[in-house]
Amino acid sequence: AEKLTLMLDWFPNVDHLPIYVARDRGLFEMAGIDVRIVSPSETADALKLAVSGQVDLAVSYQPQTVIAAAEGMDVIAVGRLIEHPLTTLLFLKGKGIEAPPDLSGKRIGYTVPGLMDVMLHAFASLNGVRDYTSVNVGFAVLQSLAAGRVDAVMGPFKTYETVEMAHRGYDVGYFELEKYGIPDYDELIFVCSRNTLNLKEKAVKGFIRAVDVAIGQVRSNPERAFQEYLKAVPEANPETEADAFRLTLPYFAANQNHDPLRWQAFADFALQYKLIGKPVNGASLLRNFDE
Amino acid sequence: MTPGRLVPPALIVVFLAVWEAACRYLAVPDFILPAPSRIGIVAVENAPLLLSHAGTTLLEILLGIALSVAVAVPVATAMFSHPAVERSLTPLLVASQAVPVFAVAPLLVVWFGYGIVSKVLMAAVIIFFPITVSLLEGFKGCDREYRILFRLMGAGFRQTLRLLWWPWALPNFFTGLKVGVSVATIGAVIGEWVGAQHGLGYLMIQANARLRVDLVFAAILYLSVMGLGLWAAVDAIGRRAVAWKVKKA
Amino acid sequence: MLKISRLVKRFDELDVLDGFDLEIPRGSFAVLIGPSGCGKTTLFDLLTGVVSPDAGTVSWMGDVIPDAGRVAAYMQQKDLLLPWRSLMDNALLPTTIAGADPAASREKAAALFQRMGLHGFEAYLPGEISGGMRQRCALVRTLMFERELVLLDEPLSALDAITRRSLHGLLLMLQQAFHRTLLMITHDIEEGLLLADDLYVLSQMPMNVLCRCRLKAPKPRRPDDPELIRAKTAVMARLDRELNNDPR
Amino acid sequence: MTPGRLVPPALIVVFLAVWEAACRYLAVPDFILPAPSRIGIVAVENAPLLLSHAGTTLLEILLGIALSVAVAVPVATAMFSHPAVERSLTPLLVASQAVPVFAVAPLLVVWFGYGIVSKVLMAAVIIFFPITVSLLEGFKGCDREYRILFRLMGAGFRQTLRLLWWPWALPNFFTGLKVGVSVATIGAVIGEWVGAQHGLGYLMIQANARLRVDLVFAAILYLSVMGLGLWAAVDAIGRRAVAWKVKKA
Amino acid sequence: MLKISRLVKRFDELDVLDGFDLEIPRGSFAVLIGPSGCGKTTLFDLLTGVVSPDAGTVSWMGDVIPDAGRVAAYMQQKDLLLPWRSLMDNALLPTTIAGADPAASREKAAALFQRMGLHGFEAYLPGEISGGMRQRCALVRTLMFERELVLLDEPLSALDAITRRSLHGLLLMLQQAFHRTLLMITHDIEEGLLLADDLYVLSQMPMNVLCRCRLKAPKPRRPDDPELIRAKTAVMARLDRELNNDPR
């Protein structure tokens, strides 16, 4: 079997569940590949190491991939894992926030400077949020919300922080980006370098197919898939992650067809809001195996 | 401080009591700062998991200590014996202290892969600096009169090093080593951010990402105990090695 | 022969030596006596290269040498024992460094310890013994170091009269049986007169030889020897004049 | 090492040359490790941006140093004068070294907000340990004979501290401070990862998210220079303060 | 009066003192002479509380005191100058600590520096002066410290005969004009005889008083006083017997 190394975008979580299912049900084996899964030290590492060929494949984000392309990195999206944004603008309920304009004059946090502050700015200008103060809260999302240091945070996942907050007795609401004027995009995708793709096209294709099959199987029997995941990732917390999985399930990619128009729309948005400095041709970043 | 004297005295009890009270009466949420009692329970309940991760981390730390001592001693010696080396290396060493790991993590992966090497290196890098600086200052603190005595007795560099400078600088070495082993825990943990599959640092990142703050703190408890143990061990060895100082008093 | 020519040494605004000359014949015992702070230790330091001269030369057996560090054993005024080594290990330092046979060295050191009244203290640390014992240990260490020239800076100043007298015998043996050349600083005029072939009385800074006292009486000498008593009075008077002419 | 002697000598040139060559000929991608020439260019081109962020970080570091010295000196003194305090505090201090920042950063932010305070605290916490340990060992290294002399002269604790222990431990204090200021840069940067709007740490995270690795390294270059400057300053002050040691030689 | 009763001190297997008694009348000058390493410094350390006794008592003017640290100024055998303070600042240490008037103290110290031949060196650091100068500086420091009892451990051992003689005058002045009680250790028998009201010859460890030599001749005395020469021979002989009876 051909060996492939996959680097996750972050530590293993339910977003990656289909990958573990594919591995543990032998789907990779059937495709003639042997996949090693590793975690990065930081979310940008996966893409960097994939582009440099240190790992074969990486789980990355569509915005990150667009940025990488604008920076001239030779990255190519080969598959999809989560097909809509999970990123939201999260707020605590009961503080008078019902619609985006209610955020005017508030203090709003964001998680990743350079990315989420841009999203916040775009969201605010598209939805009439005025006179707000933005602060970088880093990874202290819950803490800063709960302590009242901020009124909302741009960046948390609607499938994850919401669950954690709920489990701790906080009633949270969120605005979904794609419903408030920000172009729809794929939250999690698989990327690799053009060079890797040339050298290992068959294996990569096999990998994407296997994940696709796994997503179908997960859909058909979520409960069993979740049990398998708990076995594969013993650190997982069964209670909260069950809820997170339930929320994530609808977003797993229904197919492996990249939509060049959707990519282009996001790339144009990124250019407009200065997430990137030069235009990116969306279609050139994509590889659809099913065509 | 001998291990026996590490038995937590009054101040520690007070510290824990204040912490516990703060969590209970100020209603500090668990995920901001868990109460010590909660941390204790989690630490005991998850002992098998934590211990198995702790083993990995301890191994990395011990190897890191060994590696950094093995490098720091000759480096400090070279810097001491050749002022040109000191002038060259000092800026590099000091500058290296300002490099955050996340910037070099991919590089470490590129060069050393996902195995134990990169973690050991991270731990070693962190311990290295205080040891080298302390040892060098110790060497430099040696009274000139003794150096001259050795020169008059015809001692070469190696002999002077072995018989004079090294015993002279030993207390400083141990001061540096104590600072070093205390921060070595952090070094290994940071190292584990680079593509680890096991270890307390890995566990902490996982738990942190899962917002299991109590488990994070339980892991910190294990790390702290490990750090204390290393400190106490170095202190005990240090005391033995400079017994003549104690005896003189 | 050790020949010191026109040695000059300044410390900042202090002229310690300003053209100092001295000749010590090989195999002789020279004693230097002078006011405290006049530059005796500085002279020894210059001779051994501990400090470097501003001008002047040192020669040994006719050859000019940068310093006599290679030909001399030097017992400094401070004992400079290593506090972490036992007395025995301190005494063995020169032979350890020279790579001499450990067993033979140990035996020799043990004999010297016995002779110095340090027997039984071989395993003590320097911090655990008296001032006089430290001085004796430093002397043992110096004697363990086999060099033709021996420079001693107040080697017996912290010892009682009896121990001192017995060590005079040791120093004389060093000169007579082992043919060493000895150069010793002392403040004890009687001691100087008992041991010296040549006794030099030194001036205040800048240091010079005020007078050279050549002693021909055979050794060992007795302190009540009338020649010695006469010489002692003379040296005393010379020193007195030096110190009271120029009251610092 | 006086500032003048920091002028990079041969070894540094060699180091940079090897790095440059590695990037060019081993084809290390510049988003993993940029070549020094590239970093230099970026550092110069973006000087106004970098300098403005560096100003913020420098202020945090300086305040952090001031704070930690202000706390370390009395703490080390208390530990020295009361063995019970030492026995109580040592385990807490050592254990605290095992706490990774990411665990406490949220706490600091919750308690001290998004202002400068939490960053200053982060820097101070990191510097505090080496200074305290070094100073304490310095105090302890004072020969018993001198302590007795002071007791016989009727000196109280404060007088002995001021006239004997403090000057005695000064070289150790400066050793600790040197180690401290070198790692202080990291402290401030980590503090800026949470809740900052400005500063080199903030800039680094931002540049990293934008995959501007060369800018990340340019920021590190500024940090390194800052660390070197602080080191050189402490070294110069330290040399002056212990001039009697140099003079004696 | 200083009264020492049945003082006992052991170091590991070493019996240094085993019931030592001594009485020093107020205002008198006592001198201790004994073999090197016999326990003299240990006795002073016990008196001042530097080390604590295993048994025995010390009393001053009839009151038993834990130690005489509060009533005595102690010049130790090592100079213990602070290397970072100038000689003047070292000398002023006791008055700085006592909070005495700085100007007056400085004046007094300057006079002592002059008297000791250290004038001009006030701003030097201890590392920049000779062994004898360090000793003199330590003596100045001790004298700056006004206590009724003065303990001196070989205070003049590193000085030349002339300087030494002039400082004898200073010590006598301290006793006679300032009514201090002095207790001095020396290895110089002649010096002891010149200064002492009572001279004690001490035994080897465990230390005891071998003989007490009461000297009635008025001071200042002359070294060629026949009584002194007789006494010197006697002390010498007693010491000799002590050291050669029990050859360590």
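Every chain is named by a letter (A, B, C, D and E) in the order it is written, and numbering of its residues begins at 1.
Everything below uses one rule, namely that a residue touches a chain if its C-beta (ideal position, glycine included) is under 8 Å from a C-beta of that chain, and two chains touch if they have at least 3 such contacts.
Note that the coordinates shown come from a computational prediction; the quantities given were computed from them, not determined experimentally.
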In terms of touching chains, how many steps apart are chain D and chain E, taking the shortest path?
1
What are the chains that chain A and chain E both touch?
D
Out of curiosity, which chains are bumping into both chain C and chain D?
B, E
Of all other chains, the one whose Cα centre sits farthest from chain C
A
Maximum distance between Cα centroids and chain E occurs for chain A
Looking at every pair of chains, which two share the most C-beta contact pairs?
B-D
Just how far, in Å, is the C-alpha centre of chain D from the one of chain A?
37
Give, as an integer number of Å, the spacing between the C-alpha centres of chain C and chain A.
84
Can you compute the centre-to-centre distance for chain B and chain E, using the mean CA position of each chain? Integer Å is fine.
50
Hunt down the residues of chain C that sit against at least two other chains at once, touch-wise.
78, 128
Set of chain B residues in contact with two or more other chains
32, 102, 106, 110, 208, 245, 248
Of all residues in chain A, the ones touching two or more other chains:
42, 48-49, 52, 139, 143, 147
Every chain pair meeting the touch definition is listed as A-B, A-D, B-C, B-D, C-E, D-E
Per the touch rule, the chain C residues reaching chain E in their complex are 11, 33-37, 40-41, 77-78, 117, 119-120, 128-133, 136, 154, 157-164, 187-189, 236, 239-240, 242-244, 247-248
Listed in rising order, chain A residues that touch chain D in their complex are 42, 44, 47-49, 51-52, 64, 67-68, 71, 73, 112-115, 117, 134-140, 143-144, 147, 149, 275
Touching residues on chain E, where the partner in the complex is chain D
48-50, 69-70, 72-74, 76, 78, 80, 82-84, 93-94, 96-98, 125, 127-128, 145
Flag every residue of chain D that touches chain E in the complex, lowest number first.
145-146, 148-155, 159, 163-164, 167, 242, 244-245, 247-248
Across the complex, what residues on chain A touch chain B?
7, 10-13, 38-42, 45, 48-49, 52, 54, 139, 142-143, 146-147, 164, 168, 234-237, 240-241
